[in-house]
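Each chain carries a letter (A, B and C) given by its place in the written order, and its residues are counted from 1.
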């Protein structure tokens, strides 16, 4: 944590009060895909905070407050001057650590003329950012490294979606895969997710495991394996709520006789609140079979179709909730298949309890 | 009232507090035209309540809460399975009485997994619904039956409009017909509505009567009667505020010499709040003269033109009111032609006073 | 002030409370360009007040409340009957002093059936209106007369823009011209505004003066003077915050050897709040050189390009401020070039302190 952040921390207050949100500030969140952050300005609202993202000339990802301290213009409407950002309104110029290094009248910039520089950790495929209370940054878990992503056996595809829904609606979506048979009946065609999975919670992580034995293999797995869709096959489908920011999921495809893993399939879901009713959804899907360029392009197409189906139903849920303020009082009914999702809600509550600054 | 409703009634609270609305919950309201409700799913917000409408295979109209108790998805995004509704998110399935009859994991649905089934009365051309406090349903007047609608001498046409205005703006519109000479000067061309009508209030109904003697007959009445527009003719124009949900109006055309009624013209206006600034406007217009298919098609065209003119001015009024919150304190000035409308406001106030649950 | 206004004044309350706005009601504001006000109805919201503007048959500008006291329809949806306005809903008709002169049923209009007539002062190019507390109208400064506008040596062009930003963002924009080098780098190409100007405050007016000696003359001045862009030249650029409603600015172009003024350039900026996040921006630009029709048309084109650049950045600032309610607590950092703008903020505060009616 830089001195700059220490000073800001003394007065840090969350942009949104705890009672008006269900996301924790003191957490690492994904700000963008590594592939999105270039040597040009990208402005995003993350957790109700204006964040400017760019890469320096030597490739370092930078995240600073996207609001000029002079007259509140978004710096993302300005331009890069080397590694510095020049405001597009009156030319105040900031270095990547948030300090104002020059103003047009050439007088010495006032000390107060600075923007907050947010700590950044890049671990491809993600650029992570911390916009919470600087005093707590050392107390929160570091971002998870995705081992499979750098494994040369794997090929992958990725995307980002701007979804008009609270981020928890996505997290619950990917923790209850019985929705496959309804939301994705015509796309993924995985229709055997019926039984509640085994669910395990350790500390602030909750995981699920579903084992399929001699189950007709859906085409999305069979075809790239060189099998006929419907071939009886074993598979283990498991996943974890890693943090409020990250969900991971995996399918291991297992040849039933030899019990050999013949294919590994990985999905990573990062949901970052824009505000309480909107999120960025960053996803990465990869596998170590069917890895040709053309096969991965097909994987991207089917994934986008499926994730649009999720977006469609999640946004419909959000509209119901947004339109019905008293809905907060209506207790939703949960069943066994919701176990992981219910655990996730409790974990989020524990994260929120730790937020002590109103 | 079903047991299901009795149980919900114990905890019934209105979705919107009494101070934030001017419409009563404990009242039968039109949910749709009979012709709109088919064996497919139709979701509507009525009185700030999500309502799912459909018809069973044997033709019964059903209205249930349009929000799955599991994860709040609108059931209208699901599909019908026979007479049951399957949620499009996780497959929870509900029967027309609101009970959950199956969930995908095949465990027994929890008792709490139910949606409210709203009492329905169908009397063509309308499907009526009661979304208020179940404890009061027996205390409110039943929907009015439109005798003329089933009279074979009559032919009619109908429509539904989604109007961005409080429902009372429509009710006041149809209770002060002096607007004909201004709003409809170029469409209906009824320009002799100038004097205040006779107004009579009995209990919670208010009625008006305007008698025209030897008055030039507007084309909208004259042409289907086979007369020249402008022919001197008698006519009685009368109407009633039947309930907050329903207005009826009638014109009897009377041959001046014989005093014989040669034509009967009927209009029914049902305005149902979507919320405090939006309504559905269901209208039915019929007559026992000029009843050929082509003549009724002409009637539909001219009615739609005229009612669009009403929508245009009513929405302009709403924009003024919505933009000026202090407007609530500004007392509007009423004159004699407003007598029926002013009575309607008082009747609505009495309906509201009976709403005891905050 | 008419009797009509005196009576209203007894009960005058501002449409928006003092704490929810930063604009004073007790001030003359520009309602429109003289060229906009014709013998037809023009409805505008000014200071959260609905205002109807038109010109009588003999050319007098009229401003009355744009809401019928009968059923709140905007009178601007009605029509003119001679110099009177007939409401498009039920035909209530008002004279230019706001009195209801007839209603369709021909009964005598109730005394309460009146709209407020706002005092108007027309001084081309502007029609000024006073919508504040009638009791204070004599205490506020009269609109400034623009002498140069009626000087036959000058030619001018003008425009009106509907800007989605608080009016103060425009005032601060035109009081800190260091933005020229960034916002208008590609349009006006005036890039030598770097140093803080001399700033003088007298009472509730603040003025700035910037003197350029032997500075390369930008094309926008040089070309219509018949000089090569970049010719070394002297120029004095000065301006004033005249009132919350009006800013004036001037450039005198001075031949360096003879010290003769060879060209006078004048800009008038009138910003009128629509509400706290929107304004009308009325601008007039004139000069006494390059006054041919074609040259003035060119001036209009380049001015519109430049002022659109201002609109673009100002609206971006407003979006940041609107999205961040806690922003109010964030103190913006000011430097020497902001001196005139900071003085303007203080002057506005003094105007606001004088508003005693909550």
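Note that a residue touches a chain if its C-beta (ideal position, glycine included) is under 8 Å from a C-beta of that chain, and two chains touch if they have at least 3 such contacts.
Keep in mind that this is a model prediction, so the values were computed, not measured.
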Rotation, 0 to 180 degrees and nearest 5, that superposes chain A on copy chain C via CA atoms: 120
Same or different residue numbers at the chain B/chain C copy interface, by half rule: different
Between chain C and chain B, distance of the C-alpha-averaged centres to the nearest whole Å: 46
Sites on chain C at which at least two other chains make contact: none
Residue numbers on chain A that touch chain C, as the complex places them: 13, 15, 45, 48, 50, 66-67, 69-74, 77-78, 86-91, 103-107, 109-110, 112-113
Parts of chain C lying in touch with chain A, wherever the complex brings them together: 172, 176, 178-179, 181-183, 194-196, 313, 316-317, 319-321, 323-324, 326-327, 331-338
